[in-house]
Structure formats: structure tokens, C-alpha cells
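Once you've had a glance at the structure underneath, I'll fire off some questions.
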Amino acid sequence: MFSFDYKYRVRYADVDQMGYMYYGHYARLYEIGRVESLRSLGIRYRDFEDLGFIMPVYENKSRYISPAKYDELVTIRVILNKIPKARIVFNYEILSEEGVIIHNGETTLVFVNTANNRIITCPKNIEVALKPFFEAS
Amino acid sequence: MFSFDYKYRVRYADVDQMGYMYYGHYARLYEIGRVESLRSLGIRYRDFEDLGFIMPVYENKSRYISPAKYDELVTIRVILNKIPKARIVFNYEILSEEGVIIHNGETTLVFVNTANNRIITCPKNIEVALKPFFEAS
Amino acid sequence: MFSFDYKYRVRYADVDQMGYMYYGHYARLYEIGRVESLRSLGIRYRDFEDLGFIMPVYENKSRYISPAKYDELVTIRVILNKIPKARIVFNYEILSEEGVIIHNGETTLVFVNTANNRIITCPKNIEVALKPFFEAS
Amino acid sequence: MFSFDYKYRVRYADVDQMGYMYYGHYARLYEIGRVESLRSLGIRYRDFEDLGFIMPVYENKSRYISPAKYDELVTIRVILNKIPKARIVFNYEILSEEGVIIHNGETTLVFVNTANNRIITCPKNIEVALKPFFEAS
């Protein structure tokens, strides 16, 4: 299992008139979690696009347990439960400032070669970087 | 079954550097679909909040089949498959300008009384307005 | 002078915890106003980009008189005070549901040829479409 | 003069199909700059709202010199040129990853007492915290 934590400050731009983070803005937190977890492995998504690959989102799921509030410093926890093959599945837990899980999410992405617009399997460098986290100890 | 269609023009603000609508912005389309479908039944969500009720999102699911593109005039189709009780489940289909389903979504919301912050069942006026669509013919 | 009105419904996604439209979201309304005013003249900005031109924003100014509120059906009024040459200057007035001006804005854009990334003067079709509005009567 | 720097990573959610940060999203960077510069002085805007004050935006100006690009780690530089009285004027410079100024902004905010919805002068704690930066040396 691979797990990665990243802090995010909830902004005025994120919050609705209930005083809660707008339900559509969690996708931004997921994106930040994905990109920063890959960066922690030495993989920059921007290089990935420069090499002619994109990772379109195929599926996204969110469960809202408690709201994130204005100026709260939440934790985005990114979890990968298995080595990606045709798809990569990111799981997320959002933790409140007090460390309580207030939100769960899951995003499934595919890998596409922009040259011919075809779906490919997970690029080697991502697989290699993730492998040590999934080896029997 | 209750079904309602609403047109939405994809804006520059919605589109990412792949030229696709950003995956997090579909939630805005769902919101528009929900609010406008209720308005078509004579129910304004803003009155609802003024009466001391809110409808927080409990769960949200999205499937991205094909991307919505810049300036495309998509159709947001809102579908209710049953009369809401403790929860209300909105299903969505997003149709491209050519009328092809390019996206599916589902949002589950609950009803909360803001006076005591407790979950309540579906307000009568929503139930009454929806009933005719679910009667045996 | 060229003037064009377009209706916009303020969404939950637009409003902050003061219950006001977030100050950064007026830029979206300006964009909608620009694109729809051009469409009313038979010019689609998307065709424009397909032909190899873009219109980056050079300057933007906003004055917030009174807030736009949730679910309010505001009017975006787009005004062009002169025929564009090197730059195009869009002025905006946002009117409340009661018809009161609650906001002013101004955006200056330039024209860029994407082939060589150079600034050009206003394309002929925009100038021609606007000319009748600026002729002496 | 008071000056404060804060780093911001440009996200996929921020970038449009030109590959540039969408012109309306700079307002989010300004907000982050304002709030974090105040935090550096020991002032939390959220406490401010809890005490019954809000700071609505009165005016906003942006000049776009060069675009901020996807995944770029820009610097938000916040500058206060004088001690606020009836209004507070924040100036901003956005610097590219290479340290070049690519954007200028300016936001004027007022202070409002939410109890009676009236405009007030700058609260004492903000004035006191800023004073040392404006004293003759």
C-alpha cells in the first residue's frame, strides 16, 4: 500500500453560503493529492504530458461525512491499494484539523497516448516507483 | 419517473488544458440541473433555505465517457427514479451537442433542519410536487 | 456604441459564506457576456481559436457596488464604446433582479496569432460586424 | 512598506485550454496572499469574521503580463504601501518560477460591522500589527 499526506488550507473561494466547502471543490483536493503524491515519488505529471501522455478521469466518487470549513487546515490523504495496470485508482481520506476523517473519495484514471488518442497501460516509471510499496516484507 | 432537461454552454472557465471540461466542474452542472428541475415543479431552493432547511450532499458519483468541450451546448438531463423519503437521489445524463450521452452522474442529498441541525425526511411540498410523475397510469 | 444584455442565474457554486457572489467569479460573467455578445453578431469565439487566433486578457477591472446573491437572475450588460483596433475593451454592468446596477467591470484583450505568437490588430470580421453600431445616424 | 511572499502551485483546475491560468483565478491567489500575509502578522481573518466584521471587496484590478502555466510554482507577493484607514489596499506581484514579474494586481477592501451592516474604519489590531513596518528608521 502507498499512502501520502498533504496539507490544504480551505479558502473563501472554496466555501459556500452554508459555510461548508462546496461539494464540487473536493475534486481540486483530489487533484492536488494525486499530483503531489506522484511528485513525492519523483514523477511530475507535467513531464508526463510533455512526453505525450494524458490521464483522463474515468470515474469519481465522493462521500461527504462532515463539512470542511473556511480556513481549516485539512489533510488530504492519498492511498493506492494496488499497482496500476490499465487503470490507476486513487483513494482519498480528507481529515479535519482535529484529525477526524470527514470525507472519502475515489478516482479512477486511464492512460492515453495523445499521438493516436489510444488507451495504454500504466507507464513503466510509475509502476517502478510504486513497486517498493507493494512488496512483501 | 421524473425527467427534466436543461441546456448548458461550456465556458472557457470550465475547460482545462486538454480542452476538456475539468472533471470537478460537472458538480456545477448537477447543481444547475437539480435547482432548475425543482424550479420547473414550482419549488425554489432559495425559499427552502429561507424556511430553515438545507440539503447537504451526502454522496456524489460521476462517470466520464467522453469529454464535454469548449463552447459546446450540452444538455443536463435530471432523472428522479423514486419519490424521496429520508434521502433524495438525483441521476444525471450529460448529452453532447449531437445528443450522445457523454457523462453519467448521481447525487444523494439529505434534508437538514438548520434550527437544530438534525436530519429530517423529505419536505411535503417536494413530495407532493413529484407524486404525479410516479403514479400508475 | 454596441450594447448587449444576457441573463445569468447566480449558483451555489458562485456564492461565498457572506452569501455574496465570490469576487473572483465576476470574471466568469464577463467571459459569458463577451462570448454571447460576439455570438449575437454572428461571431463564435471557438471558430476564432480554430482559425489560429486567441484573445488573451491584458487588463481587468472590477468595481463591487452591491453583492449579487444566491439564485438571483442578474443581467450582464456588455458595452463596447469604440471599434477595436490593437485592443478590444469590453465594459460591463451587472444589474440586480430589480434592474439596479450592482457592479461595473472592464476587460481589455489583445489579439494573438498562435502560429508565431505575435500580437495582431482586430480581425476584419469583428470590425465589420461592429461597424454598423458606430456609424453616424 | 509591508511585503510578504507566499508560494502557490498552479493546478490543472486553474488552467484553461490556452495552457494559461484562467484570468478569473488570479483573484484566488490574491485572496491567499491577503489571508496569509495577515496570518504572518498574527491576524486570522476567520477570527475577524467570528468577531462580527467582514471585509468585502470594493475594487479589484489585474494586469496580465505573461501567463502563469500549469504546475508552475509562482510567488504571490503582497505589498501594503500605507497603513489602512477607511479602506485597505493590497498590491500584488505574481512572480514566475524564474522570479520574473508576470502579473500585477490591486484589491481595495472596506471594513463592515455585520451587526448593523455599516462601514467602519480599520480595526485597531490590524493597524497596530502593521505600524512597525511604516515607522521611520
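Letters are used for the chains, namely A, B, C and D, taken in the order the chains are written, and counting of residues starts over at 1 for each.
As a working rule, contacts are C-beta pairs under 8 Å (C-beta built on N, C-alpha and C of every residue); 3 or more make two chains touch, one makes a residue touch a chain.
Note that the coordinates shown come from a computational prediction; the quantities given were computed from them, not determined experimentally.
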Of A-D and A-B, whichever chain pair has more C-beta contact pairs: A-B
Distance from subunit C to subunit A - Cα centre to Cα centre, in angstrom: 35
Euclidean distance of C-alpha centroids - subunit A vs subunit D, Å: 28
Approximate Å spacing (C-alpha centroids) for the pair subunit A, subunit B: 25
Set of subunit D residues in contact with two or more other chains: 12-13, 17-18, 22, 24, 27-28, 31, 70
Graph class of chain-chain contacts, one of line, ring, star, complete, other: complete
Contact set on subunit A toward subunit D in their complex: 9, 11-13, 27-28, 31-32, 35, 44-46, 49, 70-71
Touching residues (chain side subunit B, partner subunit A) in the complex: 17-18, 20, 22-28, 31, 49, 54, 56-64, 67
Subunit C residues touching subunit A - in the complex, by the definition given at the top: 12-13, 15-19, 22, 24, 70
